[in-house]
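Labels A, B, C, D, E and F are assigned to the chains in the order they are written; within every chain, residues are numbered from 1.
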């Protein structure tokens, strides 16, 4: 900034960019003294939870049976402390600054953390079914250990199940942040509001989208690029999308959906149905039904 | 390396790999004393720009009105300094080493940085429209703040708009590096050369591709897996793709494109058109037109 | 944890989560004193290999001809040492703890590292053809250097070729971990078992899947979202997928596959064939054949 | 830990070391939710204060006049926030856990931080006199800048003056922690309770000790190894040292004390006095007095 | 390195510096595959030991009684693992490479680690006496907690006691490395071979030296700059210092040594003796004796 | 900063502290675009030089003979590059901003780096004599390797010799910064201007000071707390110390100086002389002379 001209311009731009009016529409007034929800901490929380649930994996590889209780104890305490701060951050972020009652929010945060901790044994049970499904369902998987080391499914589905549990317990923002972190890492975007049964697996997974109100049964398998989305052309009288309605598919038990299939709207895919790749499905499919793309035109110039 | 055999082999491989002839086709002779364009620095630049444009987000959560000008001032100075080095690196990287005129490139870099800084207030205005579009367009979004915390769209589109601005100002390489970083993070690949209007949004987004010469109007919305690509079968007399021609679609105002649709070639999708999921579109679509996949074959064995 | 209630619950959950029975199905007993395969180290190994193969890129930008041999020598030694530890970790991870013979595994690891090092010059030759294909095949690419700086293809394909070489040399787990790391970064999932010829390129790439037994000829080009997968409906008498069979496509020389095409099963796509976007292909395609989606239904209400 | 024997021993030692009785004499029960005073943060605070007081040094080298106010503003805000947390930590650490009143302690912390901030301009004035004294007093110093870059005196004395100010404002523990950090770095141990005038300097400095109740005038210069200590042979009726009495020397203006001199007790060293090296002084020295070691015995066998 | 001249010189210097003859006198051939003793790891080990011995301090401030056993258990396991590697490194470093028996050294390392772990409860007892001595002996100390937060004595003496214990258990090199690390941090240099009783304290401490064969009783207090050294003028027939002889002082119980006193040779300082500052003592001092410097010459020109 | 009062005060203090007049006496206007001399980089440079001079130590422990030349080559190149930047920073720092000639300073920096590199083989020879002296002279040293691992002497003396060489080559500031870093680490303060012969060693060393114009012969040994300082009572007509005069002692070959001795002024300590501990020497000592403290007064009340 050696020239006169630049300096003046620089100071003028600082003034413009500091003008409250220019950013007030997207400005969030934080509660002083309360941290912002932190992606970095949430990443730590998710990894810690995974490492508690699956001893011997996720950075905890040298665990031994003789000391495992010490490890679980320390990790669980650390998880509680980290999670408490994030849950409180989420509740504050969501609160009206004027009328905020910190004592109440702190008590609520502590209660949520306690409840989450109590759910961990069940979360482990459920996630073990998902690992099993991934192992059984992929001819390329040589062992369950390989699932942990090399498959995005475990990471994504564990993130989803953690996020879903927090959503059920009433935590705002945090669940979505967790699911978006998994989305960025694996390309799989499962909304934490979705309800998903046991033995769930996703192969490859890049591009998969599971919407907020989707309901999936047990033993469902999705391939890469599958969308379980909203057919959101229905608008309210003002032309805006109507919020908070059930608008994503219901997938029954034992359904397989192949690569890049797009299933939209509050439709039901019946038990044991198979949805072929690259199809666009907007109507119900019966139990045991099969849907495939129209035969393609071969050997023709485009 | 304890055995004689290994040592000899090792030294031989070092010789082979150090042989200039074996890598000269992919070797770039850098200008001594000038840094290489750095992904790490560009990441810092993009985050800094976001945090200047949206006070209170992107690592700057504790900003207060009383001191905001100090923060904006420091950040803008840091941004100028960091960007100057990268722009210069890009210009040098692109230059012919023999005839390079460092003084000229330095002056040009400074000019570009100044111009970029002056564009920031407009960039903020434009990006606020994108945030608005994401908020209005998604029934699952509870607040504008959630858009910042949990949606890949803001991160990708802000990267695109920064990269596009730098491309317009004549910076080589850097814009593509920025867009590729966003691509890696979100799975959304928008070429910085594309021209995109206001109120642009992308939902979920994984797999989206927007090509170099694409032109998008205002209020365009894309879903995951959408390609606005080139139908690049046209070759020159030597059988090579012809470069630098307009070859990607023109998307008019208020168009929605659903998941996994593939729109190819210099075609025009008319105002208000709706493109359904999983379709392959290579011809113009009229204003208000709707395109959907042929009805799928249900309940048939594959 | 200030309340009596919480403390008791906390201790109880620690006991439950430390109970061996609750996680024994997914527990891996590691060999004491041998490290676990490490994603962090593998990332370092892949970057080091890239930087040896392509002097001047990948964190090694200031290399000069006068000292290049020193650099290659040091990097190759470091690569050998790092890789040795990971290969040994992979072999131990795969071994039966009871009967493990560490001396034998160490010797085997050293042999594999030596063989890998000897393959590096050929690996460079092959990867240079891939860079060439990316440059020639993309009208938006301004120079070969841009390919290195801004294209995910080089990163993914170099990871694949490294992983494939290690798989050929008999290393378990490590190759899949390397390919999954590339998958997470680029959204491109190439199984290291796939066999791929020279001049291979992928454009944009998010969502691409290439299966374990796929065979690709020379000069093959894939676009984003392409699946070369298994049509895995065939089950054994117990209803499980049959493992280890050739079950992915054979793609002959000079084939182009457009965005989001899904090609499934042990079929053959003939030389010079073109597969259009968004199609679902489960039968052979002749040499020079072209496959496109059925014409879409335009201008109809959905 | 592969042998039975070791495991049992290990668990037994864990039990012993976890036994509250074995460490209760040295256990400090912290206030839940309040951080411990942190050496790391205090280091940051000291550096930040130095960098505010001396623009252009201490990690802030690229400051420019046009933006200096932005920098000072951001740094001062950061300093306030960091210091507040540490002052509160110190007050809590000192408090009786049973009757602690957090609201009061928070208000007190904020008041102390405000008062400290207001003192900074005076602190700068005072420290500039110290820099001047170091420059004038050392024939080896080429410039004032060299004093900042290469002399431990500025670092130690600035730490002392910061610590002293905090002590005066009523902060417990923190001042001593700051002075001990400087002690570790420079070997100079100045108790924050000491009162020291302007134009103070220390040359080389390793081994210097200035006690809690020492009083130094203006223009005092100390060399390495000088002790201004307590002659603490006086005991109370129980044989314990009597606490809180003035027990360290008073050093008047313009005194020089040479290397390794030990000055003990509440004595007065008169104005302009010179204390030679390696002497042990336990009585008053008159204004202008000179004290040297008895002549050594030369050329004699020991 | 742009000029011809420089390049040639550079290559020549590389050759010279790589010539084995030029450094063979100070070259240590390490055992392949065994790590070198690591200062960084030893620092970690010392901190971990301190934090096990004194729960609530040294980076472990948030410990709670309910979970303390988990923490001690994890830390003790980590300590065992880290220490094992360093002890083995020390033993290998000391061994003759030709005849090294790794199995034996590994077993010995494990045994030493086990023995060290078993000594920890006693080490805590002993160190608590040192804290007590520091607290009782310093009028400036407000609480025992202040001793931990602000006094170099605890850090140095705990390092010494850890190092001494390892020396007693037969570990080479490591103890000296630990004591040198404490020396660098506090300026206090206690050889791990010295034998020191309970209730030991050092005030300020910079410049203190306690030699390898020194023996100190209980309740000994040293001030800064005190040397308990060898009067090493005695040489063997070749003019070299005779090694491994007792050559440092014996200090009986309840002795105080004031600042900068130098006590040399295998002399005995009797019980309850007081040694004044800046004296040079080379003969025995009787029980209860007092030694002070000759009266200084005051008010004389030098 | 929630109260009106605080805000106003805060802004006022920012204004005061940003006022150029308040810090102009200690402000250094840096040359834009040139880095400040960096302690961090200098630390790296010193470590790199040590690791080049002593292969197998200082972070380079796994060096093998087969690849040593690659390592030395890479390290020497890195050293050259790092040093060049620091030398240039030092020259710029020292220059008058108005008339600075960057081209000349760059050429001079390069020349200095080249000259320094050429001196490295001699530096190694010299330092090996120092290691030898430390080993021979200390009965507690078990091997030369222990000298490297555990003795501050090698670190300090190598820093001094590097700094001295740079001073001789005309580099400003940098040498003093290097010696001050060693001072902070070891408590030994050797001015880089001092001239010191071969086989130099320092035992323990805390508190040692060697002044700018001191001259030491070969085989000199110093103990902790020794000062070779200026007897700087001589003033010029204005009462200021006269700069740039020889004012520190000349120490001839084979001299030993014991702990805490203070030797001041341009005196000569003759060949083979022995200076006892805690003495204050301000006159010449003959060849073979011995100087000890006056006999202390024992068994007297103080």
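Convention: a residue touches a chain if its C-beta (ideal position, glycine included) is under 8 Å from a C-beta of that chain, and two chains touch if they have at least 3 such contacts.
Just so we're clear, the structure is a prediction, and the values are computed from it rather than from any experiment.
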| item | value |
| --- | --- |
| Option reproducing the contacts of A-E, where over half of them reappear, out of C-E, B-D or D-F | B-D |
| Chain pair with the higher count of C-beta pairs in contact (A-B, B-F) | A-B |
| CA centroid of chain D to CA centroid of chain E, Å | 25 |
| Averaged-CA centre spacing for the pair chain F and chain C, given as whole angstrom | 53 |
| Overlap residues in chain B, where contacts from two or more other chains coincide | 1, 10, 14, 62, 64, 69-70, 72-73, 77, 187, 206-207, 225, 233, 260, 274, 276, 278-279, 292-294, 302 |
| Interfacial residue positions of chain B with respect to chain D in the complex | 62, 64, 67, 69-74, 77, 81 |
| Touch list for chain F against partner chain B, complex | 1, 7, 10-11, 14, 64, 66-67, 70 |
| Residue numbers on chain E that touch chain F, as the complex places them | 1, 6, 9-10, 13-18, 20, 22-23, 25-30, 35-37, 93, 172-173, 176-177, 179-180, 183-184, 187, 189, 191, 193, 206-207, 209, 211-212, 225, 227, 229-230, 232-233, 240-245, 247, 260-262, 264, 274, 276, 278-281, 285-286, 289-294, 302 |
| Chain A contact footprint on chain B (complex, rising order) | 52-57, 61-62, 65, 68-69, 72-73, 76-77, 80, 110, 114, 117-118, 120-121, 124-125, 128, 131-132, 136-140, 142, 144-146, 148-152, 185-187, 204, 206-207, 223-225, 231, 233, 258-260, 274, 276-279, 282, 292-302 |
